[in-house]
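When the chains are written out, they are named A, B and C in that same order, and each has its own residue count from 1.
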Amino acid sequence: MTRARDDTERDDNLERNLRIVEAVLFASAEPLSAAEIAPYLDPQAQPDALLAQLQRRYAGRGVNLVRRGSRWAFRTAEDLSFILKRESLEARPLSRAALETLSIIAYHQPATRAEIEEVRGVSTGKGTLDILMETGWVRMRGRRRTPGRPVTYGTTEAFLDHFGLEALADLPGLEDLKGAGLLSARLPPGMQVPLPFDGPLREDEEPLDPDDPGLEESPEEDRNA
Amino acid sequence: MTRARDDTERDDNLERNLRIVEAVLFASAEPLSAAEIAPYLDPQAQPDALLAQLQRRYAGRGVNLVRRGSRWAFRTAEDLSFILKRESLEARPLSRAALETLSIIAYHQPATRAEIEEVRGVSTGKGTLDILMETGWVRMRGRRRTPGRPVTYGTTEAFLDHFGLEALADLPGLEDLKGAGLLSARLPPGMQVPLPFDGPLREDEEPLDPDDPGLEESPEEDRNA
Amino acid sequence: MLRDQQLSAPATQSLTDRVRAANVARMNSAHSSNDRIDTAPDGALANADVLYVELGAYEGPLDLLLELARRQKVDMSRISVLALAEQYLGFIDTVRDKRIEVAADYLVMAAWLVYLKSRLMVPQTTNDDEPSGEMLAAVLQFRLKRLEAMRKAATRLLDRPQRGRDVFARGAPEPIAIVRRALWEADLFGLLKAYASQRERTAPADYQPIHRTVWSLQEARAILQTLIGDTAEWVPLEVYLGRHVGSAAERVTALASTFASSLELVRQGQLDVQQSLPFGPLLLRRKARDGGAS
């Protein structure tokens, strides 16, 4: 019977100490180490064991007890991080450079950055391509099988969707552009508007490596492209 | 079997929603209403039921889920106060006049300045009410529909939060004061003993004008009050 | 400053109101008969001499009355209002004897207490419209009890666990980050225009500048001088040029340059120019040596 009472007492003590650890960590503005928590507890309490137990208790909950170096803190469970974010949509017009680059990718795809620059006659900043990727209208298709293996860009279905095109073939050709007054009639006779292609990889393209994206902006490629 | 799976699914959903409520409330230092939590949950979730369940779960822990008026918040357990107690961070403790005014507003709300002054037997400086408004514990509720349209004052949810009250009904000694007929603002006490009331505007109150606050100290009111 | 109206309020109430107040007050006294009023701290306040010196420490006459009542060390409902009134009046008198300024509101209360005293000591006659002394006393008791109650309530409120002192909110709240997401705007027309204008801009075009014959001022002057020679007659500029300039395209530049040169020659005094109406023919002739016409 004495043992039973001892056990109960120990449990009570444990629970009491757990409650204190819980409250102290909750109220603290900074993560706390076991040593910093100890003064709040019974002299014979073992803060490390208590922390470990509390961590188990909170595992899988909306709030977890996490370790930050040698210190501990409550943090929102990572899978619930959406709670801590609020999206605000703001309409932003695409810059002229981005629009121009997009139009070239649309007509000339699959196109490498160097090819885009050749048509534009100016260099295209990395930022411009980043923005286009962010719009979701442009994607990296693959890599051209040429020295430097430059990335080829193409448009996405979201692009067709946004611009109300059923297929890329709906992009007006040379004559249509002239007819719409978008191209002047005085163009060199040799000039052509390419037939854009957003099908599967072409013969001169190879797939991207799964972990590829970062590579494309390497200076080597720029030089080779 | 289908039923079993449905049950499991429901349990999963419940647990997920509970985790979200837990995380949202943990993330915020200030109390949140069910309506503020709802957007994070499944459309068919019932925030009130979830809150009640979470409150049961945290009962007896070092951190409790407490109700503050119409809002909810996690707070360290009251009984751990002697361990967690910190020196009050308040730079300036409230004056006796301010404290008395605060308790009169709390127990007699909605109360006009004239009613507060009648209880105290002295006029209340503008500064006292200003200080109370500054603490965030007192707010202007509206205007009494009587000559002079005096401003009515009441307490806020921050007041409940600061003094650890679930609702005004938890004000200490409220029942005794009510029984003793000491909650009537004006002499003589009417047939009914009024209770402090922080709900929406009463029949004898009207809303403040949007640009009102400045008006309340006008000499007209003082004369009429 | 205390408002007179406030303190005299009980005296101006209707009789029925006062009766009701008195009843409630009496009822209440039955309720809280066990409720001992806290005794005032001894020491400073126990001494009447100190009391008046500290007049400034009281928040008005009601506060002072409450303090005096507490010094009776009995239940507020059993308190002798008469004794209280006498204490108050005695106190005010002492203060005035010592020529200490007493605020008007204390005097208003004193006047009211004198009235109360008279009502308490004179037996009530049946046809008296005035409120009875008991009623007035009950009103005063009620007010004192209510103020006392609010003081206690404030103390009990402060004794509650307070946020930031006893009970704590999350010390490290996790703020909500606002993620700005752009909703990109672009339309098909803009896209096509962007494409077309670029293609046009960079299209390799054969460009042949048109070469125009331009008469320089120098040339024009030389020719003009030759043409005019020594003629002293007025001759239209057109005629001179007609003789000399072949193509119509050349005529424009020739006319412009010749005209400019003619002005220069006029300035130098070698030539006279005349035009009789706007856009009319320009007539030229060599300037007469004797400086005749101009």
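Simple rule for what comes next: contacts are C-beta pairs under 8 Å (C-beta built on N, C-alpha and C of every residue); 3 or more make two chains touch, one makes a residue touch a chain.
Predicted model only: the values in this text are computed from it and were never measured.
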What topology does the chain touch graph have (line, ring, star, complete, other)? complete
Return the chain whose centre of C-alpha atoms lies at maximal distance from the corresponding centre of chain B. A
Interchain centroid distance [CA atoms averaged], chain A/chain C, Å: 43
Approximately how many whole Å separate the CA-defined centres of chain B and chain C? 29
When you check chain A against every other chain, which residues touch at least two of them? 23, 26-27, 74, 76, 83-84
Where chain C touches two or more other chains at once, by residue number: 168-170, 174-176
Taking the complex as given, what residues does chain B use to touch chain A? 18-24, 26-27, 40, 60-63, 74, 76-77, 80, 83-84
Can you tell me which positions in chain C touch chain B when the two form their complex? 1-3, 6-7, 9-10, 13, 17-18, 20-21, 24-25, 27-28, 31-32, 59-63, 105, 139, 142-143, 145-147, 149-154, 156-170, 173-176
Complex contact set, residues of chain B against chain C: 26-30, 73-78, 81, 84-90, 96-97, 99-100, 102-104, 106-107, 114, 117-123, 161-165, 171-173, 176-177, 179-182, 187-189
Where on chain C does chain A make contact in their complex? 168-172, 174-188, 190-206
